[in-house]
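Across the two complexes that follow, chain A remains constant while its partner is chain B and subsequently chain C.
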Partner chain A sequence: MRHRRYPFIVGFLIVPVALYAVLVIWPYIQTFGYSLTDWSGESQTMHFIGLKNYTALLSDHVFLTALEHNGLLLVFLPVITILLALFFAFMLNVGGQGRTGGVQGVAGAAFYKVVFFFPQVLSVAILAVLFEAVYRSDAGGLLNGVLVKIGLENSQNPIEWLNDPGTVLWCLLAIMVWQGVGFYLVLFSAAMQSIPKEIFEAALLDGAGRAQTFFKVTMPLLWDSVQTAWVYLAIAAMDFFALVSTLTPGTAYGGGPDYHSEVLSTYLMRNFLYFGKSGYACAMGVVILFLTLIVSVLALRATRRERIEF
Partner chain B sequence: MATVTFDQATRIYPGGDRPAVDKLNIDIADGEFLVLVGPSGCGKSTSLRMLAGLEDVNDGAIRIGDRDVTHLPPKDRDIAMVFQNYALYPHMTVADNMGFALKIAGVNKAEIRQRVEEAAKILDLTEYLSRKPKALSGGQRQRVAMGRAIVREPQVFLMDEPLSNLDAKLRVQTRTQIASLQRRLGTTTVYVTHDQVEAMTMGDRVAVLKDGLLQQVDSPRNMYDRPANLFVAGFIGSPAMNLVEVPITDGGVTFGNSVVPVNREALKAASDSGDKTVTVGVRPEHFEIADGEAKSVSKDAPAGVAVTVNVVEELGADGYVYGSAEVAGSQVDIVVRVGGRSVPLKGDVLHVVPRGGETHVFSTSTGERLSD
Partner chain C sequence: MGPTIEPGRLARRDLIKRAAAMGAVAVPAAALLSGCAAGGSGSTKKDTGTKTAANPLGVDKNAPLDVVIFDGGFGDDYARQFEKLYSKEYTGAKVSHTPTQNITGLLQPRLNAGDPPDIVDDSGNQMIKLDVLQKAGQLTDLTPLLDAPSIDDPSKKVRDILMPGTVQIGMVDNKFVTLPYVYTVSGMWYSGKLFKQHGWTAPTTWSDFMSLSAEIKKTTKIAPFAHQGKYPYYIDVAIMDLAIKNGGQDFLTRIDAMDPTIWDEDAAKNAIEAMYEIVQRNYLLPGTDGMTHIESQTAWNQYKAAFIPCGAWLENEQLKATPSDFQMTFMPMPSLPGDKLPATAIRGGANEFYIVPKQAKNAAGGMEFMRLMLSKKGATAFAQTANSLTVVKDGVDPTVKLRPGTQSTVTALKAAGANVFNPTYVNDYSAFATDMDNASAEVMANRMKPAEWLKTVKASAVKAKKGS
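Take a look at the complex of A and B:
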């Protein structure tokens, strides 16, 4: 009987595995192959140049700047998003105390939960349009308009959020945080609801205030979810292509002003399609792949704790 | 140490119109062990949680000592609670679990350590102090939960069915341990359980609740000897008291082929309220097998009620006979305790009479106790 099962299982698996191999695995291998050539993208002629593309990357200061930006995002995006999401999830589920009546969220928690999730359903294209209006560099922009109205800014000399080398990257980070918090809020809320309510009640009786409950009880118990969130956000931080290419100045896929918002993915695309240095771009792609893998593994390793059982 | 007072305390859940706890009045003395008992949904846990501050009090007041704690947050009430599922912090060691409240209160490390070790010694937990809760058995977790309460030296212990997650044997053992620990510490304790055996064995006094209403508060002895109404009579005691509706006759009530003497005033009270019958309660252990000497109404039949045996439960020391009998024209189920060496067989007919002075008479219409 046993050997009859295999054709059955293989019958189901063959199509998805074949699709995966052709559409995912093979392109990866191809990319690695192209990265060892001087392929220009259009022509079919190319020459094998060994690891020259890779050595060139090491002295390409734009690539290194982009790498640095991704590094910054890698630190700040997960930290800010997770802390905010945890804080909101805590307030919505167990933060509403100070009176009798046990463990409950702040007033209107159910409503906030829905509202916080809204940004998550917007596509990146809509985000770009939306935040173009928010960050406009004259008093017509939401941010500048408000700052001018309350007198913190001269309307003749507004801050050019997306054109200022000092602010552009942080503005993009803010968009990602704004969009991501809702999703992780829901993720953490769900995890929080699987913690027996009595544990929070015990903390309440033990005299723990909001902050103590948050840091000494909630955080440790949510560690598994935090870990998952960290990996997702780390991968998102390695990307950032859509926002940079749509919102920032610069020829072909943004990254300006003067590479101050350049990230690995935009620089890759510019090399691939605009500069015609496709082989070089492929080498970059391979580097990004391995960096992302290493970051994911590190994130999982660094945050590993003993499993919590209730 | 402190007294606890429920003064007309009422809890109505949002959206409900019937109170979960309805004008509860109990005075608990300093150092007393009070057990709240009742069937599920009777409001016993809600009452406890109101005292803990985990549940709002809609009306009335709750006092600990002289302090009105009705609207104080839980942390200001100086109480410690043991939960049914223990609610141990899963990421902390046993020692950290027990010392958490002290740590929050800012007690210095050396003192926390000392108090935790003392409590651990009392509860036989010393060798487990560095373990996490998941590496403990159910009984050990229960003791850690107790330890967490003891370490704080609160004014009042609250326990919400702390034994119901233990197996039967451990439950009996732990029952005694908790009771003796409480006597030793002398801390006022409110204990919630649905198990009337626990209530009877542990409490200084027992409070029976039903549908949010307090039925009776009394010592276990009085609760057993003088249940205030039909509900308490049926709830306290295992197996439950036999409650049989019988017609009133002159000077007593007819019970099968015997007349059970009943206090004249009780009968008068019953007939004054228009009842033709009263409900007589007899505990299984208060039936005697009629041996022909007992006085019967008609001479040609044996005295008492003829009980046909359906099932016999042999417990070793004694046995319980579950039988049916015809009383006042209707079939009733009757449970009789018999000696372990003289157990009848299924199908036998026993003639039983209630032992004198061990009958309880209740009004059929109101359920209130009539005899004293």
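Take a look at the complex of A and C:
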């Protein structure tokens, strides 16, 4: 029977693979082609300039700054989001003080789950409007308003959250964490619920506390989900376009103040559409593609562990 | 949004189809150029009348006129006023009015079908780029309009009643193919009511401006100065206005030519140091460096700040946020010591582009519509309904009541006379302009000193010059 399996599979795959090739692979190849030219994006005339765009990237300090910011986000976004989500998921599913014994979440867990998940249903556009009000640069902003009210800040000298080189990137990171935690909380909750209760009960009988249960039982059994979350979050950290372009100061797609929140995607767009340096932008696109691929592979590799069957 | 299908147009399209069947029209081959297609051979029959002194463009009095208007910041009501003027002149013509925010979506298929409207306001995010249209041969040469007698004074040609620089801005590939109709001035704004209440007078020199700011700071809770910090473009306009007025025509010519040596000279230094004085003396509205244009302008409307720099669109933009007795007033950027241009000099330039497509059936009517727009009646109607000025010199009827902000720009423009300037480097050197934006924002936030600003901007100018 084996020899008839492949034509059968190919028969099913040919249409999606063809679509994938035309709509995904081909544009990537085209982008690579354009990245070797001085295309302006406004007309069809362009000249082949070899790898000049790529060598220019290496000495472009804005590009390198953007790369550094994406690197920072790449480290902090997954770590903070996953840790918070794991903690909350643990509390909601296992962390309750059982009155009659057994394993359960804290009181009102179902309600908390909805509350935590809520930010996930908001679109990025709404997030931008919402956090524009939160981070507003005078005492009219939510954050500054509270700080002024409790006397930690003078209303004549408010913190300009998104216009301060020291805070802007962390403010954006906080938004992504706030939005992401709920989703990964639900993901981890589902995974936790599939862990047999007996395992927890056994740990409980052996006298394991909350912390021990979490690190010795829950974490190892959730590793597959954590791995998935890591890859997703790493890809999200490579993007950040929407938040930076809408919330941060600066001409054409934000990135300010003075490039302190610049990320690869916003710098790419500014070059592509605003500066008329589309060939250069395509070179950036190719670099981002490879970086994202490398990051995904590394994330999967680094988190690979022995699977525990249950 | 207006009707997308309207009987007159359908009938005309039918006609063309029939003509095509008879071979009278070369059917446009599927010659799809980038963005917009080069249309047919242009052999469609045009509606024309006989040229007379009263009808210099030869308009067919009964030909329908198809008007497409960008429904953006100015709305589309003003166009109805123009249409009324046209209908009054040509009672037999049926005028159709189509407002849209998506010019490309509406115009592109009609250009491809060889059945475009007769006049289009090609503006907004979805506008079709004018150089693209011109390259595709889709634009009527509007030189006959320039040479036609003007409505109000037939002894003057249309070109002689326009604000200086208008014809230049309307040129694409050395042909006058688009009419930039709106005239925008930039400078500083204050509340007439607030100033009257405190007995302040609008300063004309920078030192007056600084001493008034000191008084405001000392005697009230109002901040002297606000700006649209999230978009540093606004503060750049103010800084460069100071510099251009200080350095005069020579400075203007050289910055547009991207001459990097101007950043070593006094004009630029005086301008940025003057602006930095505001920062140093703490005259800024708290938080203004991080505010959007709407946030800062609204704070200004709430009397939290005395001055704000902006273009003349401010009044229309803030229509809802402005208290009815606010008395919005425009003033030129104050003059620095040793200015080469007078204190009344202001930045002003034409924009909002109107075109007559090449294949328009009633192209003569489209041009006549423009001639009516350029009458005093047209310009006044625009100032009243869209709260903005037009390229018609002294176009607004002085007996008509305008909104206070718009009225004050009329006064300022009159006082400026020939001393209006309009730098073009922003469009020609966008990377340079962005670098300057960033540096200026840093100065306003007191993270950069004027000397460093000059160095940064100069370095960027050297780079821009090399790149071009």
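A few remarks follow.
The definition used in the following text is that the second predicted complex is superposed on the first by the 289 of 310 C-alpha atoms of A that agree within 3 Å, B and C clash if a C-alpha of one lies under 4 Å from a C-alpha of the other, contacts with A are read in each partner's own complex, and residues count from 1 in each chain.
Assume contacts are C-beta pairs under 8 Å (C-beta built on N, C-alpha and C of every residue); 3 or more make two chains touch, one makes a residue touch a chain.
This one's a predicted model, so the numbers in the text were calculated from it and none came from an experiment.
If you put the two complexes together on chain A, you find that chain B and chain C both fit without a clash.
Judged by the touch definition given at the top, the superposed model places A:E198 against chain B, while chain C stays out of reach.
For the superposed model, the angle subtended at the Cα centre of chain A by chain B and chain C works out to 150 degrees in steps of 10. Contacts of A:V217 after superposition on the shared chain: chain B is touched, whereas chain C is not. In the superposition on chain A, contact is made by A:Q156 with chain C only, not with chain B.
When the two complexes are overlaid on their common chain A, residue A:S123 makes contact with neither chain B nor chain C. In the superposition on chain A, no contact is made by A:S59 with either chain B or chain C.
Within the superposed three-chain model, A:T45 lies out of touch with both chain B and chain C [touch as defined at top].
The minimum CA-CA separation between chain B and chain C in the overlaid arrangement is 51 Å, rounded to the whole angstrom. Listing the residues of chain C that touch chain A in their complex gives 34, 229-233, 285-292, 295, 299, 430-431, 433-434, 437-439, 441-442, 445, 447. Those residues of chain A lying in contact with chain B across their complex are 97-103, 196, 198-199, 201-209, 212, 216-217, 220-221, 223, 306, 308-310. Across the interface of their complex, chain C is touched by residues 43-44, 132, 136-141, 144, 155-158, 160-163, 165, 249-252, 256-259, 270, 274-276 of chain A.
The residues of chain B lying in touch with chain A in their complex are 49, 52-57, 70-75, 79-81, 83-85, 87-91, 100-101, 104-105, 132, 134, 148, 152.
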